[in-house]
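In what follows, structures are represented as structure tokens.
Two complexes follow with chain A in common, the first pairing it with chain B and the second with chain C.
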Partner chain A sequence: MDFLQPSSWHEALAIRAERPDALPIAGGTDVMVELNFDRRRPGALLDLTRVGELREWSVEDGGRVRLGAGVPYARVIGELGDRLPGLAMAARTVGSPQIRVRGTVGGNLGSASPAGDAHPPLLAAGAEVEVASAARGTRRVPVADYFTGVKRNVLEPDELIAAVLVPTAAGPQQFCKVGTRNAMVISVSAFALALHPDRQAVGTGIGSAAPTPRCAPEAEEFLAGELDWAARRPLPEGLARAFGERVAAAAAPIDDVRGTAAYRRHSLAVLARRAVTWAWDDLRRAA
Partner chain B sequence: MTTTQTGARTAGRIGDNAQRPDGTLKVTGEFAYASDLWHDDMVWGVTLRSPHPHARIRRIDVAEALAVPGVSAVLTADDVPGENAYGLEHADQPVLAADVVRYEGEPVALVAADHPETARRAAARIRVDYEVLPALTDPRRALDDDAPEVHPGGNLVRHLRVRRGDPAPTAPVVVSLDFEVGMQDQAFLGPESGLAVPAEDGGVDLYVATQWLHVDQRQVCLALGMPPGKVRLTLAGVGGAFGGREDLSVHVHACLLALRTGRPVKMSYGREESFHGHVHRHPATMTYEFGAERDGTLVYARADVLLDGGAYASSTAAVVGNAGLLGLGPYRIPSVAVDAYGVFTHNPPCGAMRGFGCVQAAFAHEALMDELAAAVGVSPVEIRQRNGMREGDRTTTGQVIDSAAPVAELLERVAAMPLPPPLETSDLRNLPGAVGNTTHGEGVRRGVGYAVTYKNVGFSEGFDDYSTARVRLQVVAGEAVATVHTAAAEVGQGLVTVQQQIARTELGVERVVVVPADTTVGSAGSTSASRQTYVTGGAVKAACEAVRTAVLQRAAVALGGPVAGLALDGDKVVGAGGEVLAGLADLLGDDAVEETVEWRHRPTHAVDPETGQGDAHVQFAFSAHRAVVDVDVELGLVKVVALDTAQDVGRALNPDAVVGQIQGGSAQGMGLALMEEVVVADGHVRNPSFTDYLLPTILDMPPMRVEVLEYADPHAPYGVRGVGEPPTISSGPAVAAAVRVACGRPLRRVPIRPEHVTGT
Partner chain C sequence: MRVTTTVNGTERTADDVWPGESLLYLLRERLGLPGAKNACEQGECGSCTVYLDGEPVCACLVAAGQAIGREVTTVEGLADGQSLHPVQEAFVEAGAVQCGFCTPGLVVAAHDLLARVPEPSDPEIREALAGNLCRCTGYEKILDAVRLAARRQATR
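Moving on to the complex of A and B:
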């Protein structure tokens, strides 16, 4: 197995084009597990840790955060908690402190696992994934269109993930993750919520309860239409419950070793109900 | 005028918190575990395992594997020179499967190559032609007439009957339940590893992480067809055991490859292979019934316990013994009827794990005690105190308990400990789900649960349970040094420290060297059944006493006085008042005093085959736990807030180490109650990794209050009582009870999963 170590983004894309059999590796928290368990033997590893551009984040015109694919979770927590609270909450639940220092949002998107912790808040926030190739340059894909199947995404063989573009939060965000122990656990189900009071909209993201991470569009529209955006009166319990049921209905979970489909649906209803309650309370307090 | 000099006492004696000799190395990462073994010209061995729970092997073609560059040997069952069979109690397990595989993961072939990756690649090229056969994977079907036979002669490993008192008892209050316990893994952190080095005499030296060198040696000799003199075992650094190293793993395989290649062979499992490479705790299906007076006093108990032994016998018969003989808990019960069964299936083999049959039973009898308490309207503590054993009582097998049995006091102590403060919601880490941010207090209910247990210490039912110790006292570089040599396996529990403490106490010397355990000294028995401090501790004590007697006789001659009144302390010979009479180094000169002692505890006895009655055990150890949990009853997530315990240890030879055992054992029991399960579906292990086999983290395990009682057992060396297992037995049922209280559901299975709590 070759170990390829570009030192610039330009070089990385060139190598990617030449070696479609190369597996990109950033923090290695997914890739190394696959290698150690002998589940994958790629022809080469394309190590992106020396590409400095990937380890930066900036604020674009319009207030979107351009988060380099190689920024580790620990920095998302430490540096972006105010701008991207949902993503930071999700980052806090990833693995152990050691894993959070290594693991990256770009890597999460590369693996495209239905259980990836970063995905639900990116969906809820309406993020875009910026991918690039040497031949065709850069394109931006809405994260809702990015996942194509279990551990599959829209990347072409010559493409790499450059960054993810996440709108700075305009309102409260929540992320909730159920696991069977209280730390260092892969989610049984996860839910992210973003309230966008500026445009009176709601964003959602569901994890571990369908072949891909997905939104709950019907629940979003329902809630956005029912919320009292103007007066911001207390949230009726029935509305929170009805929203939870719609989120659960949007899931397509399975039974597996981590949990049952029925429990996943049930837990999503509870998480969505609680998340909207907390987020609405935050919004009212902020007013 | 004469002056009397009083010497300093030797430090690091029994009762002191002596430091582990390997402590610094372990904390700094310098300790050499078995997986660190290295030999310059070694090759690597790997195992090819069966993908099927039950299949006939029609043919194995190794040609393609042998052709891989770097491969030095490929072995199958045909290459086993001795008996192709091993086992702790019955030699029913092939070293390499010959005609049939009986569980997923059964070893079929071996490869040695110059790199582990090469060996794995080559193993993947071995062509095994399997005829897949129907698998028996439901233990409840194992004894049906039409069930497939796992071995000729039927699927029953052992049926133990215990009968006592009225054969047809009645009682005004009757409670009953069914209970299931899932398969727990020992999950030791240091996976199976060993290094076999071929010797010039045609034999082999094996360095391996294990729990009992001599029982390994016996089995390896049989498989290799060699006498014990040619198969020498040395203990390599052991990273935890918990019963999972009682059976052989890499042992014979590494030796076979070493003898074939003429090269040292290292084998070291990864985590996934480790899940297939050792036995697990038996899953259990149990039905219990208690009859009691209206005040809760037990009249009778009935229990039916079915343990899934998997494909091979391992120690299933002994586990059935424990589940049957001890499986009604530490209670006075006039009439009992227990039937415990161990059966073969095509599931992964099960065997020894900390708590050994008592763990499974305790979940059932403790859940039922809470049912009884509710039925008669008394508290969980009171019902257990009312029925708890006391010294002088008889067990369900009629054995008189002839040392402390402080059930009531242990419960009183845990009940009297301060309760944790009420739910505090400002820090997510205090809440069920923690930073998963699943609740800010919504749906959270608190529950408190109690459990108590007793466990036999040492091997039971007439087993000749002994240990051997060789102790040598001599002068090295001007100082008296004691050398302790046993074959006892230090697996992390701290026996090396205790051996030093005993030698310091008995010989009054500061410097004690515990040399590596190997088979050049007699057997020490197994590091299991909470027995090593008792039995090997007893052997070291006895050997030290023999050395001391010889030294003091020599001193008496040198000093021209009687032996009476002489003692050893502070590296000196001292008189009755502690006055220094001679330096030990001066007295010994160039001579070494060495004694080897084989030491036995009081004999135990087989039980009556019809009634299970008899004095089966040498000692009982008691512990109680109180668990406090916060449960998110809408999501089924649990935060254990407190897990407090009281345990009688007879005498704490190293108090810090005792508390460490209690903390670790409690965490392991809690793990089984809430998350630890090897999920097996149709004979296949679904979660052979730490990604999905969940062990408690620091956010799952609360700080513990531990009260250690020291009611010395007059029959045991220093009064010690085994420590390691009881906490694993009583902690889980206490946690399960607390969760039941919090959520109001019966929860008749562990591990308790979120969907059980929510009922979804």
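Moving on to the complex of A and C:
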């Protein structure tokens, strides 16, 4: 095994092109577990922690945050809670302090686990993943099209994740997940909600309840049509519950060691009902 | 491969390091620093917690090569010669040590908390130690130790 350590993004892409057998590593919170347990023996590790460009974030024209793939969760929490509240809430639930200073949103996307905590808020916000290769340059993929299967994504063998582009929140966002305790859990189910009052739209993201993270488009459309965006009156009786049922219907969960499919569906309905209740209250208070 | 890194203030070099090796293995097996413990090897238990460039991390989840040129501080680096750090003293006095396996990681995590938040609330202590498992104490004595260390620190 080789240890490849580029010091710039340009160099990282060149190495990636030459070494499709190299496994990219950033915070190591997923990759090192695979190595420690002998589950994976890549030809090389491609260490991205020296690539300064990946550790920066900026605000683009149009108000989107361009979050470098190597920004750890601890910095998302500390620096982006106002602009990206949903992602910051999810980041707060990742692992433990030791994990949050190392783990990155880019790494979460690279692993592409259906249980990745960053994925539901990125879906709800309508984010895009920026990937790049030395040969073809940069392309941007909507998060909703990014996941292709359990721990699979659209990355080509010569591509690396550069950044994720997340619209600055125009309204309240929520993230909730169910697990056996608050810290250190892989979620049994997770749900993210974003209200977009500027365009009277709703974004959703479901985690741990389908082969990939996914949205609940029918539930989004239903809720957006029912909410009283103009007067922002209290939620009508039963609306939050009906929304929760539609979110649960969009899931395709399985039974596994962490929970049953039935429990995942049930808990998603509860999480979605609570999320919309909290988010709508926030929006009414802001008015 | 060769790994040169600063550990507890001293530059250390190890040769023939396997590129997939963890910082934890490097510290324990090559540099003779067995303070950080090897338990879960998946970042769940926190018993291998060390500082990497001033941040508490699970050494089992850092590739040894990622520590090249960085600063590592292990639990061995907290004491001042033969005298224990106040956090370590507090752990002994409060009875926060039983089998001792989780202790080095908890001491580093508590040390980090008190450096950032001199007078932490109980929820802050629990949050800061959420990544460190102890199967003996039931945590109460550990919380006592952190409160004691905080009080001592405040009166110094």
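The rule we apply is simple: the second predicted complex is superposed on the first by the 286 of 287 C-alpha atoms of A that agree within 3 Å, B and C clash if a C-alpha of one lies under 4 Å from a C-alpha of the other, contacts with A are read in each partner's own complex, and residues count from 1 in each chain.
One rule holds in what follows: contacts are C-beta pairs under 8 Å (C-beta built on N, C-alpha and C of every residue); 3 or more make two chains touch, one makes a residue touch a chain.
Keep in mind that what you see is a predicted model, and the values were worked out from it rather than measured.
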>> According to the stated criteria, A:Ala44 is in contact with first (chain B), second (chain C), both, or neither; which is it?
In response: second
> Once the shared chain is lined up, is A:Cys176 touching chain B (first), chain C (second), both, or neither of them?
Replying inline: first
> So, does A:Cys215 touch the first partner chain B, the second partner chain C, both, or neither?
Replying inline: neither
> Does chain B (first) or chain C (second) touch A:Met184, or do both, or does neither?
Replying inline: both
>> Going by the contact rule set out at the top, does A:Leu271 touch chain B (first), chain C (second), both, or neither?
In response: first
>> In the overlaid three-chain picture, which partner chain does A:Met32 touch, first (chain B) or second (chain C), both, or neither?
In response: second
> Once the shared chain is lined up, is A:Ile99 touching chain B (first), chain C (second), both, or neither of them?
Replying inline: second
>> Does any part of chain A touch chain B in one structure and chain C in the other, and if so which residues?
In response: 33, 36-37, 182-184
>> For the complex, give me every residue of chain A touching chain B.
In response: 33, 36-38, 89, 92-93, 174-188, 257-260, 262-263, 265-267, 270-271, 274, 278
> Taking the complex as given, what residues does chain C use to touch chain A?
Replying inline: 1, 18-20, 22, 41-44, 46, 49, 55-58, 60-63, 65-66, 68, 109, 112, 127-128, 130-132
> Considering the complex alone, what residue numbers of chain B touch chain A?
Replying inline: 120, 270, 272, 429, 432-440, 442-443, 634-637, 639, 674-675, 679, 686-687, 689, 691-692, 694, 696-700, 753-755, 758, 760
> Where on chain A is chain C touching in the complex?
Replying inline: 1-3, 5, 25, 27-29, 31-33, 35-37, 41, 44-45, 47, 49, 95-99, 101-102, 182-184
